Amino acid sequence: MSDGREQPADDADRTGVWLVGARGNVATMSIVGARAIARGLTGTTGMVTEREPVSSLDLPPVDGLVFGGHDIAPESLVAQAERQRDRNGVPDAETLAAVRGDLAEIDDRIEVGTAVNCGAAVSEDSERLDERLAVRDVVDQIRDDYETFRERHDLERLVVVNVASTEPELAEPDRYDTRDALERAIDEDDRDLPASVLYTYAAIDGGHPFVNFTPSTGNTLGGIRELAAAKDVPHMGRDAKTGETLVKSALAPMFAGRNLQVMSWEGHNILGNKDGLVLEDEANAAGKLSSKGDVLDSILPDIGHNRVRIDYTPSLADWKTAWDYIHFEGFLDTEMKMQFTWEGSDSALAAPLVLDLVRLVAHADERGNGGLQPQLASFFKAPIGVDEHDFSRQLDRLYDYAEQHR
Amino acid sequence: MSDGREQPADDADRTGVWLVGARGNVATMSIVGARAIARGLTGTTGMVTEREPVSSLDLPPVDGLVFGGHDIAPESLVAQAERQRDRNGVPDAETLAAVRGDLAEIDDRIEVGTAVNCGAAVSEDSERLDERLAVRDVVDQIRDDYETFRERHDLERLVVVNVASTEPELAEPDRYDTRDALERAIDEDDRDLPASVLYTYAAIDGGHPFVNFTPSTGNTLGGIRELAAAKDVPHMGRDAKTGETLVKSALAPMFAGRNLQVMSWEGHNILGNKDGLVLEDEANAAGKLSSKGDVLDSILPDIGHNRVRIDYTPSLADWKTAWDYIHFEGFLDTEMKMQFTWEGSDSALAAPLVLDLVRLVAHADERGNGGLQPQLASFFKAPIGVDEHDFSRQLDRLYDYAEQHR
Amino acid sequence: MSDGREQPADDADRTGVWLVGARGNVATMSIVGARAIARGLTGTTGMVTEREPVSSLDLPPVDGLVFGGHDIAPESLVAQAERQRDRNGVPDAETLAAVRGDLAEIDDRIEVGTAVNCGAAVSEDSERLDERLAVRDVVDQIRDDYETFRERHDLERLVVVNVASTEPELAEPDRYDTRDALERAIDEDDRDLPASVLYTYAAIDGGHPFVNFTPSTGNTLGGIRELAAAKDVPHMGRDAKTGETLVKSALAPMFAGRNLQVMSWEGHNILGNKDGLVLEDEANAAGKLSSKGDVLDSILPDIGHNRVRIDYTPSLADWKTAWDYIHFEGFLDTEMKMQFTWEGSDSALAAPLVLDLVRLVAHADERGNGGLQPQLASFFKAPIGVDEHDFSRQLDRLYDYAEQHR
Amino acid sequence: MSDGREQPADDADRTGVWLVGARGNVATMSIVGARAIARGLTGTTGMVTEREPVSSLDLPPVDGLVFGGHDIAPESLVAQAERQRDRNGVPDAETLAAVRGDLAEIDDRIEVGTAVNCGAAVSEDSERLDERLAVRDVVDQIRDDYETFRERHDLERLVVVNVASTEPELAEPDRYDTRDALERAIDEDDRDLPASVLYTYAAIDGGHPFVNFTPSTGNTLGGIRELAAAKDVPHMGRDAKTGETLVKSALAPMFAGRNLQVMSWEGHNILGNKDGLVLEDEANAAGKLSSKGDVLDSILPDIGHNRVRIDYTPSLADWKTAWDYIHFEGFLDTEMKMQFTWEGSDSALAAPLVLDLVRLVAHADERGNGGLQPQLASFFKAPIGVDEHDFSRQLDRLYDYAEQHR
């Protein structure tokens, strides 16, 4: 454990974390958590990398992570954390007080970002790169921001993580299916390219490992994947599996394994944070609902009816509550039911996974394993390049990786 | 599919199923289901052996199973099935009408059994072997019943399955830890030996594969296990995992896998069938509650509080309803909650597993694999000789077995 | 109790029941129930008029009710009842068998109706009055059907009940705010008038007591109310309170009474019958959702957030399942939660109320009490002319009426 | 609103509140709440007396209440409040900081009490009156404590409220059915008399209005009721209705009112505060479970099965969570279900009712209305002398009282 200053013992350990959407709920909670751990104020409950067998890997220490990022929101990280404390009770007052100085220091490293094609719901009255620059220049500016940060803090490695609000789905993504097509679009100032793609392109092209924590397009494009393979840069996504979908990926295999026929699976989510507000906008919700729905369709190919709803309920703030109703048929055509309610703090569930993913992607990068990282499938609702949605089986891939590299 | 008569095409397929507790809920539903499948009236939903990869094994066909059994209840199988139809709606009227003749025929093959040390709750005003015979003679009579049935129906193989009501836990089971000690106790007319042990001993000693579907002592005794190993007879148990515990074994690994700290897991079961009534008797409940509780303690060794209750609610009949409340802690000490309700027809969930186990134990016997069958762990709350309680991992053992033997 | 034939002892008791939507779920279940009661096959559980103090009123006996009606669906009442038996298990096979003859007899008395302006969701490939007749002629035909039925069966009184599928909300209902305006519209063949208004107008104008069991426009129009007052015909509505809203009207007063501040009340309904399908059409749902929402807004004027959803889940058939989540604040700004799940057979909850309302409206008519019937407010989600939504207080009005007239 | 000092403007308003169990959860929260209201830090949500029509009565102001009490726990009020803040999050840190001085001042006024016959579960290693004094002397000491407090603070009136942990049920309470018998027992040092009776006797005999907030014997004894009638002292009880039972008393009338037959009502409560621990002791639980069960038996006399469980789940602290499962039958013998989960902070629900009851009993005393106070029935699970358990009807009595006295 460090003395609480951001001064890790060993240069080899200096890993940077660049958060796209650095003042959002998830980013704020990740930073607060990492600094609280560094200062010995809290444990590492919720972090997969702190539990056997993954904890036996040689991973960058949490207290050595150096944070920076982009955002278009003008409100400071401290103000964001205070609002979360007041609305959700997480972080608690004592923890926030102890890391307030760290947050202020990190806030100074957050640069103005882009939000092109992020949908009406996230458009705010704030400064944005895309208002004054061509697409290629936006990319160059982002890339510059990454590089400047890395040099200034003398980082061995910089992991870029997209934790910004969900974008609307991109129409006809196939047009960017090759690296060539994508780069031509950038050069030709193609204004259809959404912000998530620009951040991702800049990261991969600059050799920085990348994690897409959201349902946004980012590294799902064929062009990006080709680039990452060519440059041997590790990347993975998309859409972190934190709550209701996590439960589905653990429960649905039980119905499959016992040959029980799920006739209907209704999932109804209510939440009151900015994510809820953005998803209330139908265009932005489409991507999210699709990756949530796919999990069941994949594990239960014979499912009769599968619907997911997300509604905005302001009083719940960051507390995402889901009710799932499962109507299934067993032996002798007997109809039976299971229902569950999940009440989780969305950010507190997501934040430790950000730290886990940064550490694991850095580990792959250190060992020269570029391209997609299928061993990380368990972290995502729609793991790119992986068909397995059974949570246990996804975890087994991670454990196999840990065994291999310990 | 057969023509509906109990005449399977091939002698090699003639597998007998001897049900201890042959007029109970689970036995009745198993027989009704097997005959309804044989007559083409229902599908095989709920049967693990009818789904890939297990279905690719060469297993005895469901329509060739020949049923017999012991019971102390005087009421006929048809009457039992009618009561289940009236109280639970399972089986439905049409199905019961179609198999009524089969049930009557099978009922004639049910012999008077023993219920020694089965607890006050199951003692009924009925004829019982143990009232007039010494322990050794009871064992001999049971063995005789098995053998007579096998010969009369020209069966290649007889699988004995204990589906009788749960017995009170046996005090000091270690005294029967060797085959010698156990056989001495039988010879010395040791009246502490419970019925389940006598049925099991007679089965294993006679070379019949055995399944302990209940929490009763049966094949958990060291003496029985030694005997089965010596005689190379396959056997497995105990306590079939049908409802709430099944869900626990699928969900608890999710909390473990994400390093979430479960502080309390409360499980409250209500049901209205005879099992519920028997378990209302505290002595009989002890064994059941212990095997239910062990699942969580094994998967979540750091669990703070783990309680299971079973209450008798007559109006629910065979519909077992469970409410589970899970209080857990995540990142930054955030307290969160999950709760679920499970509403299942106990017998309809259990019955297909009886058929699965009969087929899989017969398969092992056919191939000369005696002793405990760890590949069947997924079927049990307390799999004898297996420490793994994670349902997905238990299933993987079965799938590996299927791959090996396909 | 009668001998099972539709021959009530006393002419004075001969009350007719004319069901608009006579082959729908609710109508079918009402007829099956009334005939099953008449034949002594079932009790009167679920009927408010069979419980003190209301049961002490001199009401037309259930076994004397004579059924007829309109529908546009060509499928017979028997076929409808069979489908309900098969899909929902209600009525059970035995009951249906016993009343099948009665259903066939009643089916012959069902006339072709109209479905003008009933929305896309209910338009079927069926014969309809409005296709060949002018509005005035449709009204005259309906009125004729009522009168012919009354005469043929020598009825003392005919109560008309609208139990047809929910119509889309009528735009600008104020244009029909007077009797004059309404009658002018009928004469001028105003095709905006929805079917429910035509049935209601024909009933009231013909002197027949009327009940609007649905959210459709019917007797909520000012013009209809003026007519009923002028002709002194009793009528009441709208939208029978059977499930989730009934619970709300019992629970919300508890929060109000204890001065607890409800911040959010989310209600999520799923069901699989034709009502669910019709309500999936947004236009048709608007009226329903509005009357469901009003209950909370009335009882809890300071409620922060109040949303109701109705989704179509085919496998549930007639079983309406609702999940309600109530987030409230108490002393010292403490946030607390209540949630409930309601699983009810929609038709089985509605049917006894149809019989109750027929009997109670007939009672008012017998005593010459025309116009709106506020003592019946407890039966409706949106009781016309009554502001009280607290179920207990609404019931008190009924009990007061019973005391007064016993 | 006062300036925050305990100096109400008007002597006529000076009402004292003597809390038996003054350092318990409920007492602590009541004091914190009253002082937070006095200091303008929180609103009066949760207080029935702050809502129309009750708020129009001329009641003693909350900011003028002067607190004192008895306890046997040595831990200070401040320490208790801190533990509640840390374990439950209520009160919040800011509120507690603001009233800490008030708590310390009030703590000095808490005298050593008695805990005779309070059961094993509440016996602690603490000083107690009954260890060194005869029963009559304990009574005199208690009475003296009341009087000294009243004089020292120049109070117009002192209301005594029992909020101590639940005692075991008293065997054969009939032996104290008259005032004579009770006073003879006190004089003869009858050690069967439980603490609650001694506190109550001292209060009533001294002319102090009394509220029994708990299920303990207190003012249910015939002898106490005779005394209160003779001395014209207002008193009421018992067992405040705060959570699951409150919901039952609002919901059960709905089933009754619709003539739905409740076959089973299972209630399962889990909580982690000292109340939960005490109730885990079967003897102490008996009284509580009895008053909880009576509500349903009274409202639903035909109920088939009615069970209440209370379990101790430490991690929940003061958050009482109840799951209720209601299995009911409707029209055509259709079986249906409702279930609810209630998650409430026990103390935050109880505390405002303590303040309400003090104010309302003081109001009755001021107007010379002695004896039982049936208008307060809505506050109690087992209202002494009142058969009505329907929450709405109980509230109507309070509203009638408010109308009468406004």
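Order of writing sets the chain letters: A, B, C and D. Residues in each chain are counted from 1.
Convention: a residue touches a chain if its C-beta (ideal position, glycine included) is under 8 Å from a C-beta of that chain, and two chains touch if they have at least 3 such contacts.
These numbers come from a predicted model, not from an experiment.
Between chain A and chain C, the least number of touch steps comes to 1. For the pair chain B and chain C, the CA-based superposition corresponds to a rotation of 180 degrees in steps of 5.
Chain D has its Cα centroid 50 Å from the Cα centroid of chain B. Between the Cα centres of chain C and chain D there is a gap of 45 Å. Multi-chain contact residues of chain A (touching two or more other chains): 339, 341. Chain B contributes residues 263-264, 266, 268, 270, 304-305, 307, 309, 311, 313-316, 321, 323, 325, 327, 335, 339, 341 to its touches with chain D in the complex. Residues of chain D that touch chain C in their complex: 29, 32-33, 36, 42-48, 50-51, 90-92, 95, 246-247, 250-251, 253-254, 256-261, 329-334, 336-345, 348-349, 351-352, 378, 390-393, 395.
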